[in-house]
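For reference, the structures are reproduced in the following blocks.
Each of the two complexes below includes chain A, the first together with chain B, the second together with chain C.
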Partner chain A sequence: MNWKMSRVVRTVTDVMVVPIIVFGIYLIIHGHLTPGGGFQGGAVVASSTALLIIAYGSFRDYKKDFSSVESIGLTLFIFLAILGILLGATLFYNFGAGTGGLFGGRVAEGINPGYINTGGTVPLMNIMVGLEVTAALSLILWMMAKSSDSMEVEA
Partner chain B sequence: MSLDLVNASPAFILGIPLLFAFLTPLADRISKELRDAVFMIGLLLTVLFVAVMSYEVFTAEGWAYVFGAEETGEITRFSFFRIMFVADGFAALATITVAITALGAGIYSFAFMEGQTGMEKFYTLFLLTLAGVNGMILTADLFNLFVWFEVTSIASCGLVAFINYKGKSVEAALKYMFISVIGGLFLLLSIGLLYGEYGILNYFAIAESVNGGVVDRVALSIILVVLGMKASSVPMHMWAPDVYTESPGAVTPFIAITSLGSLFVLFRILFVVFRYSVSTAALGGLLIILGLLSMFVGVSMALKQSDVKRLIAYLSVSQIGYMLLAVGVGFSTLENGDYATFGALALEGGFFHMINDGVYKALLFLSAAAIVYSTGTRNLNKLGGLAHRMPYTTMFFLIGGLSIAGIPPLSGFSSKLLIYKSIYLYHPILAIIALVVSIITFALIGKVFYNAFLGPDLGLSKGEVPTTMLLAMGILTAVVVVFSLFPNYVVAEIVVPAVEALGVTA
Partner chain C sequence: MRKIFALIALLVIFAFMILAVVEMRGEDGGFGEPVNTDMDDYFLEDSQPHNQVNNVVTAILFDYRGLDTLGEATVLFSAVSGVLTVLRKYQIKKLEVKK
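This part shows the complex of A and B:
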């Protein structure tokens, strides 16, 4: 794949990619407080991949990297769920809530703006889902870009 | 809070295949041997936890497992709003059936799929299907049922199309996918109807308030059609022969087990949720009609097939009919007092036939796949004389075939005898039809055996299939033989707890 779009497009892409990724990450880690979450945030992050592929073309075979990240995200997600059993409770038990550690703050009572450091395992699982969706959608986009490029058809 | 592996076994039956499904692509990065080992460990651990759960259910009693709860084993009012898994005799019977078949198909696929590319995806799809079927069987939550239904559909579609030759398997997989997805969405619609009416999704909680009004009946009809479709009962069976024929030989029994799993789910919903709100005689009558249609149409369509896998696929549709017939008879006796006379016997026969059918059908599909593996053709008119070079496969096919035909010493006979005895008391004509279908099945098995295995050696076969494939078929044969030798023990220890778990008493 060796197309390249105009300088205008590439410059706008350079400017926009960072805010898009930041916004995606914001959606992922605020998944337990606001609408959105791992899937939606992951899709937003993956849209930056789409932008990069369209503007610059892609030169490397990212297939293995993306599918590794995808597997790691899913494995850690299920592992977090099973950790609930291994810690003596049940599958998907929220062992992190209210313990004071990472995302372990207590949820305030009454009307409040929402505190990021709460939720226990829910934000962690959102991050894993975010990883998985980012990698999977990026992989799909990369494959589509590769197969639509008729100049270089690889096996 | 303390670690209780026995109590958590239903969660592990679900969690272990999921975990290992996502570990196999990572293991594939390191080496192929590690990938195969990870897959096998995942499969064996799942079987181990099925054994642990079943042992606990059979020796002590069943329990409900609530996801995300702090204390294991404690059921409160709020537990019904969480996802609940039920570990009872019925779930044990169903998961044992799935586990035996999965073990056979998994061991078989090592040699059968050798040389294919992308095997890590195959193992992922295989373990996802296993998790999906187990989830469908164990769950007691309607929305969760929909999720596992979709997981099973999507993963098994991938399996069906895994080996593509001239687009045929893709065609079968697409047909399967369209039907599954439309069915799944209608299942969601019926779940939405029930949820809108009662505001809760747990089977047991709905069962307490279900009133059998129009909305409930619409929901029940949709559930019956969708799960009957997935179970390949006759008016909705059109996908089954294509899918069973074109899927890779190693996973065909596994696709068939998703059908059986749907049938288990259908029976659980009928018995647990709708039993007190509908006329069981009418609904049982509907099941009987579906069963008779499946039996008769399945076996008549099998008569004209010359493709060995397609023939067995139609026989499998016909076997589903026996279960629907027997359970329909048992269900219809619940309200008119005949339950003690023959209803319980019919249910025992039906459930015993389900576990038998899962095992011998897997054996038949795997031996048919062995024929294809060794000769490269499925056409019965071209095959012949395979017994000379494939003695073990011949023996395995014969045992599976005689069992599906219900020939006396074998396990199929024990369950069919229970079915004949009980449905004869319901109506003699049903027993006669069942017997006729059984005789035609025997004739068909005779035809396949004669055409493929007997006669002079035509030199079609490359020789006996690899050892791991023989081992897989051997395990299934051993199970069939054990069920044949000790039918009383199996009925008393495995089948009766399943009937009792559905809450039916005389």
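This part shows the complex of A and C:
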């Protein structure tokens, strides 16, 4: 795409992209405490990609980057799931809950304000799914924008 | 004739639906009470002591029903594959331009 939108749209995009990405990452890593999670947060982060494509138009070739991140996210998600079997339990077993390691804290019983270092594998899987969804939706948006542009120019 | 058969079949199905609603009551026999709550109670009571997760919905999505989430992620992956397949015309054109 060789066109840009007006300076107003570009300035607002510059201001809004970082808060959108931060909010999406917040949704992803607080998935085990608040409403939200990997899918929703990934969609929010991918909307910043849509905003950038609409406002700026010209983009470098990010197809391989998005594709790699997507594949890595899905592969690590499946790896975490199978790690439950390898550690002597079932598929998707939460082997990290309450062990004291990464995300291994303990929650209080009943109603409590929540603590981010809890949940075992659930936050890790949220992050993996968030990576995958972000890259997948961004790749779809980027690919559609790029291909419609090429049809316009070369047809 | 076909319409009469269809009406009879519809009435029979409707009667069974009504019967199912009448049969499905709570433990005290009243309407509007939750029934078949064994699974829900297990999730609500187990997600904090076993999974150490406050958000029960996330605990179900990523632990108890993790296979379902894996399926969703796979659906997204295949959607991306489909988009790349449909739009591969662009890549072929780009290769031809390079040559």
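Note that in this section the second predicted complex is superposed on the first by the 148 of 155 C-alpha atoms of A that agree within 3 Å, B and C clash if a C-alpha of one lies under 4 Å from a C-alpha of the other, contacts with A are read in each partner's own complex, and residues count from 1 in each chain.
The rule we apply is simple: a residue touches a chain if its C-beta (ideal position, glycine included) is under 8 Å from a C-beta of that chain, and two chains touch if they have at least 3 such contacts.
Please read these numbers as outputs of a predicted model, since none were measured by experiment.
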item: Which superposed partner A:Thr11 touches (first chain B, second chain C, both, neither); value: neither
item: Which of chain B and chain C A:Ile72 touches, first, second, both or neither; value: first
item: Partner chain in contact with A:Ile82 - chain B first, chain C second, else both or neither; value: first
item: Contacts of A:Gly120 with chain B and chain C, given as first, second, both or neither; value: second
item: Touching partner for A:Ala136 - first (chain B), second (chain C), both, neither; value: second
item: Residue contacts on chain A - larger count, chain B or chain C; value: C
item: Touched partner set for A:Asn94, first chain B, second chain C, both or neither; value: both
item: Interface residues of chain A shared between complexes with chain B and chain C; value: 70, 74, 78, 81, 91-92, 94
item: Interface residues, chain C side, partner chain A - complex; value: 48-55, 57-59, 61-63, 66-67, 69-70, 72-74, 76-77, 79-80, 83-84, 87, 89-90, 93-94, 97
item: In the complex, chain B residues that touch chain A; value: 1-4, 8, 11-12, 14-15, 18-19, 22-23, 25-26, 29, 65-72
item: Residues of chain A that touch chain B when the two form their complex; value: 64, 67-68, 70-72, 74-75, 78-79, 81-82, 84-94
item: Contacting residues of chain A [partner chain C, same complex]; value: 31-35, 37, 39, 70, 74, 77-78, 81, 91-92, 94, 97-98, 104-107, 109-110, 112, 114, 118-122, 125-126, 129, 132-133, 136, 139-140, 143-144, 146-147, 150-151, 154
